[in-house]
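What follows is a pair of complexes built around chain A, which joins chain B in one and chain C in the other.
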Partner chain A sequence: MGLTSGLARLARRAPVPVFPVVGAGGRRAATVLPTLDGIEVVTTPRAAVVLLVVGRVTRALLAPVLALHDQLPGPRAAVQWRVDGGGDGDGDDLAGVLPGLVAAPPGDGEQLRRLMGELVSGARTSSPPALPPVEPAAWRGVGPYGQGGTGMTGGVPYGRPMPGWADDRDGLKLDQLKLRLGPAFPPFPPGLVLDLEVQGDVLQTAAVGDNPFVSWPGDPPVTVTDSVEFAAARTEAVAVADLELARARHHLVWLAGALRHHGLAARGERVLRLASGLTIGDAAAVQALARSVVRSRSLAWATDGVGVMSGDGLPAGPVARAAGDVRDARVADDAYRDLGFEPVTDAGGDARARLRQRVTEVVQALELAERCGDRRREPGGAVEGPRGTLAAGEGESTPSAALLERLPDLLAGQEWGDAVTTVVSLDLDLEEAALGAGAPVGT
Partner chain B sequence: MSWSAPLPALALVGAVLTAGAGALAMLDHLVGARTAGRPVRLLAALGQPVARSALLLLTRRATTPRTDAAAWALAPAVLVGMAAAAVAAVPWDRGVAVADVDDGIVLVGAAFAVVMVGVYLHGWAANSPLPLHGGYRFVALALSYEMPLALVLIAAALPAESLSIGAIVESQAGTWNVVRQPLGLPLYLVAGAGLAFWGPLNVPDAGDLGGGTAAEVSGPARLAWAGAQGAVLTAVAVVGAGVFLGGWHGPLLPGAAWTALKALALLALLAGARHRLARVRLERFVVLAWTVLIPLALVDVFVSGALAL
Partner chain C sequence: MAAFGAALTVVVAGAVAVLVTRWLRLALGPGALTPPEQAPFLGGGSVETHAWSRYHVRYYAMALLFLAFDMEMVFMYPWAVVFVEEGVIALMEMLMFITILVLGILYAWRERALGWA
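Up next is the complex of A and B:
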């Protein structure tokens, strides 16, 4: 007893290990998490004490969230940051399935620390398992070894695919493993599900799974909640300076995630701090950051030649501009006409070019924000969002949807690490991709 | 009482590895806070490793179906055991060593080679795809850092005309190896980071595998694994201090203090590298190792050998 309470007193001073799952509408609220005092974002639920659900859990996210919850070793707590105020129609079924779920306003780090203190001291009981302790699928006693395949391979005992057997790229036969990543795989954008066939370190095939943000009949409609300023600019007048600051902030948040993926979480945290309080006066800090990122040899080495996309058929936006395509809706935009705006482009179309492109666009956005004064952009016409051109009308294909379609071909044949770098470099938003998509098959 | 009597020897090596792992965690916390733009608080940094360890001790140990339980428990023990063997062979002061055996440098090389088995076991035992993938990644990387590691250690033994680490330190009374073999220490540190899967060379436990071999580990087992990694890095730093930085040689302070300070300096360098350098791509690093690092290590051996003749 003495030992446990002594350990509990010490443990309270440790940062709270949090595994975040971002649901509908939660993407922006989740960005502050790594900068909160005494919070540590971890890469696996096994290392977490708090499962933090940010936003609404859609129907397709419910089962993965429950499975993740049960993977936290305990003592554990589940917390939901409600971004829509939690009123009727904005809620979800999570509280009904997780009895100990704590609802909280977004950004409350103090409460997460208090929860962990209560958990380790025993004042609060650990959240009970959400799923029954049974195998998700039966063992199938088929085949010579009973696993349902042939020989010693194949089959899906207990619902888990055994390695198969397939040709590799050198004409040999090697084990092939099927696995699913997502919808809360930390380096990926929230909601992205990939079904992979892997041989060693090589992705043989990659298929994009169902988008969990596509609404089913009776569900709240999908809305873009990440780059809201740009979606709003289609229907209302906004200050150009606000748009450009939002663009700079968006790319900095992306950069923080990319740095984290490349093993530089602390630098990413610094970038997030810069992004959260970004003003026109930060131009010097932003330029210094851009220089250090562009000049970093190790980042160049990690991204050079990875995920090359040529300009043909790419949606207009930073990904296409990184491949030398000059299309940018701001060129034809009245609000930008006499600002001397010229799109910046890069060459190569690889992950390194996309990294350079976005930091260059951050610097450019701050310059524009400084020069444009209090000029306003009138509604109408296409808006250049941070992920690409948002068409004037609703229901048209979005940049994220167009890039998502190209993902399987792009990832096939890549090494695992390069494939993850490629996904990160595209800055996908699954909510944006869900706009205009029909209801999932089978509804 | 001799340092090489079993109980004092175990206590001393255990204390060195624990202190090294703790110091590394503090240095890492300090460098991380500075890099992230958080307030740098020295006292908080001192308490961090203890607080984190306490939390992990209070966390349950989760398990996956049909694990290889014995291998899972053995993996961190393999790393700590090999780190202990390497640290034991390094004398702290003239004649003060747990086991300054005649072929100490061979023992160190052998102990470092076995680390690969521990990391692979850690990935294998969890019976889960991402940890297994991490284990295989480490095996794919291993030869690329082990070759330069072995070569620079051999080169350091040439001027001493002995394989004993005590003799290697003694031979640096005039000029340290870091000066007369300028290729040695940089190559050794790259290889050491690979060996301890640290920072830019953390390929097996990388975030792009959701934590790799440690993706399924929780609670006390997670603490054991973090401690094992710290122990391996400590061994890398202590061996590096003796073999390249002149060990106990230095003015004013007692010899053991110099060895400890030099090892701490190497740990600080490794902690800094983790927050400055992006993770390498596996294939690119293997190509670099075979086309640049290994040839440079061979040059190091040939030049050191020619000078020693």
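Up next is the complex of A and C:
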């Protein structure tokens, strides 16, 4: 028995490190991933063996997915979970670019484990690099043949200009690093691309890049797939209890992600398990969870005073309600009449208030679901979705789109950790933001 | 001659360690990486400017304070040795010394030198 086969046997027993990339229509299918047995969701492709693409890869996502694929150290494998309604096959040429791509139904953890077993035993070869082996930007010195230059001032190292100078907030003149982050940066919502200028850990400017879910001419149209019950409620009759349970489930899934971001991954996993089988009978468990989240010292310390959003122009929804704005489409909704519904609000409008607001709304949603019996909501009128009020008509601005517009001003000047916490606390959905948006410029 | 033998042993052991690690890397590690495989992880994004950049070291004040107290500890070792002989006088002297240093910390604290930003 050689050293390699001994190590391979050990490696087969370890959980499969998976780096997920969420494409169009894949957000809901991807939420089950951390709860699968023998699967470990990792936050960087360097720690992963399997690149898992969930949903359809839009044209704008193709290049980043290939770059991420190559960043997995070998042996590696690429898997795509095909999702219904994500436009299966249409406009997705990932299989043509990644020859070893394995297609699988969503939620199949067994297959991921089998793949890892084949990889480490040598039965399956590592997926070859998808990008050509050329420097993205070659070295250029100061001389005519690209030679020369001394130290940090010589030439253009690897084709990238040296950082420019700018005043920093401490009265020093320091370098600015320009970078593009996303669309698959784990704490961010899938698809969010930020063009950043950072000085050390301070974000000087932030701009939101093109939304990869805005469909190009000839591509399948975007549909909201994350909060699908609420989009459906605009056109068909649904049970109020189902709607409120879906709201509670949505906020719990968000809470699981927020807990993971704040370093409480195991706790987040338990919340996710609670969310996946949530019924009206879970009210006691949810109340206990809400109490512990609101009382948590570490969460309070990480979110207090971070990313304050208040004032006019906020879209009606949990973010506005966390700043004391009482607007809620359920107040004027016939289906909620004489249920005694009153919107809950919080004060402060910071990330901590938004956390409190959402867990309070989970408790409230379960109470409503219990009280409303089998009452149904008739289609028509604005629907209060988990991210905010969805206008009755198609093509109108959505809460996520309105919040995205305010993101650059909100992030400028924040330290890195606070900036990520702010983005997480807003619960953005890029697919929802893409609704009603035209084709991207420069196609 | 014995000293020369010891030096030779160190050199040989070092060379063997280097060769073994190189062999392990060739036997177990991945082959040569293409430039895209070596690119830094930015969630699918990339950098525009070079990463040679100067930034504000925010723990600077804390690092200086740590050094100051580290040196103070060095001073306390000889003091501990003569403490029993000198008795109460040594205790008073050390208390005065520590008090002055603590005043320095309080001053730095008031000037917000201990905050991250």
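Keep this in mind: the second predicted complex is superposed on the first by the 409 of 443 C-alpha atoms of A that agree within 3 Å, B and C clash if a C-alpha of one lies under 4 Å from a C-alpha of the other, contacts with A are read in each partner's own complex, and residues count from 1 in each chain.
Everything that follows uses one rule, which is that contacts are C-beta pairs under 8 Å (C-beta built on N, C-alpha and C of every residue); 3 or more make two chains touch, one makes a residue touch a chain.
Every value quoted in this text rests on a predicted model; they were computed, and no experiment measured them.
Contacts of A:T44 after superposition: both chain B and chain C are touched. Once the two complexes are laid over each other on the shared chain, residue contacts for A:L7 go to chain B and to chain C alike. In the superposition on chain A, A:L174 contacts chain C only, with no contact to chain B. Look at A:H261: by the touch rule set out above, it reaches chain B but stays clear of chain C.
Once the two complexes are overlaid on the shared chain, A:D201 sits against chain B and chain C alike.
Of the two partner chains placed by superposition, only chain B is touched by A:W301; chain C is not. Judged by the touch definition given at the top, the superposed model places A:V420 against chain B, while chain C stays out of reach. When the two structures are aligned on the shared chain, A:E236 is found in touch with neither chain B nor chain C. Legend: residue contacts after superposition of the two complexes on their common chain; A:L131 is shown touching chain C, with no touch to chain B. Note: residues 4, 7, 44, 46, 71, 73-75, 158, 177, 179, 185-186, 200-201, 415 of chain A belong to the chain B contact set and to the chain C contact set alike, using the contact criterion stated above.
On the chain C side of its complex with chain A, the touching residues are 27-28, 30-31, 34-37, 39, 41-58, 116-117. On chain A, the positions that touch chain B within their shared complex are 4, 7-8, 10-15, 17, 37, 42-44, 46-47, 49, 71-75, 116, 120, 158, 177, 179, 185-187, 198, 200-201, 259-267, 269-270, 273, 296, 298-299, 301-302, 306, 415-418, 420-421.
Listed in rising order, the residues of chain A touching chain C in the complex are 3-4, 7, 21, 44-46, 61, 63-65, 67-68, 70-71, 73-75, 126, 129, 131-136, 152, 156-158, 160-164, 168, 170, 172, 174-186, 188, 193, 199-202, 415.
The touching residues of chain B, counted against chain A in their complex, run 31-33, 35-38, 47-48, 50-52, 54-55, 57-62, 65, 129, 133, 136-137, 140, 199-200, 202-203, 206-211, 214-219, 222, 274-284.
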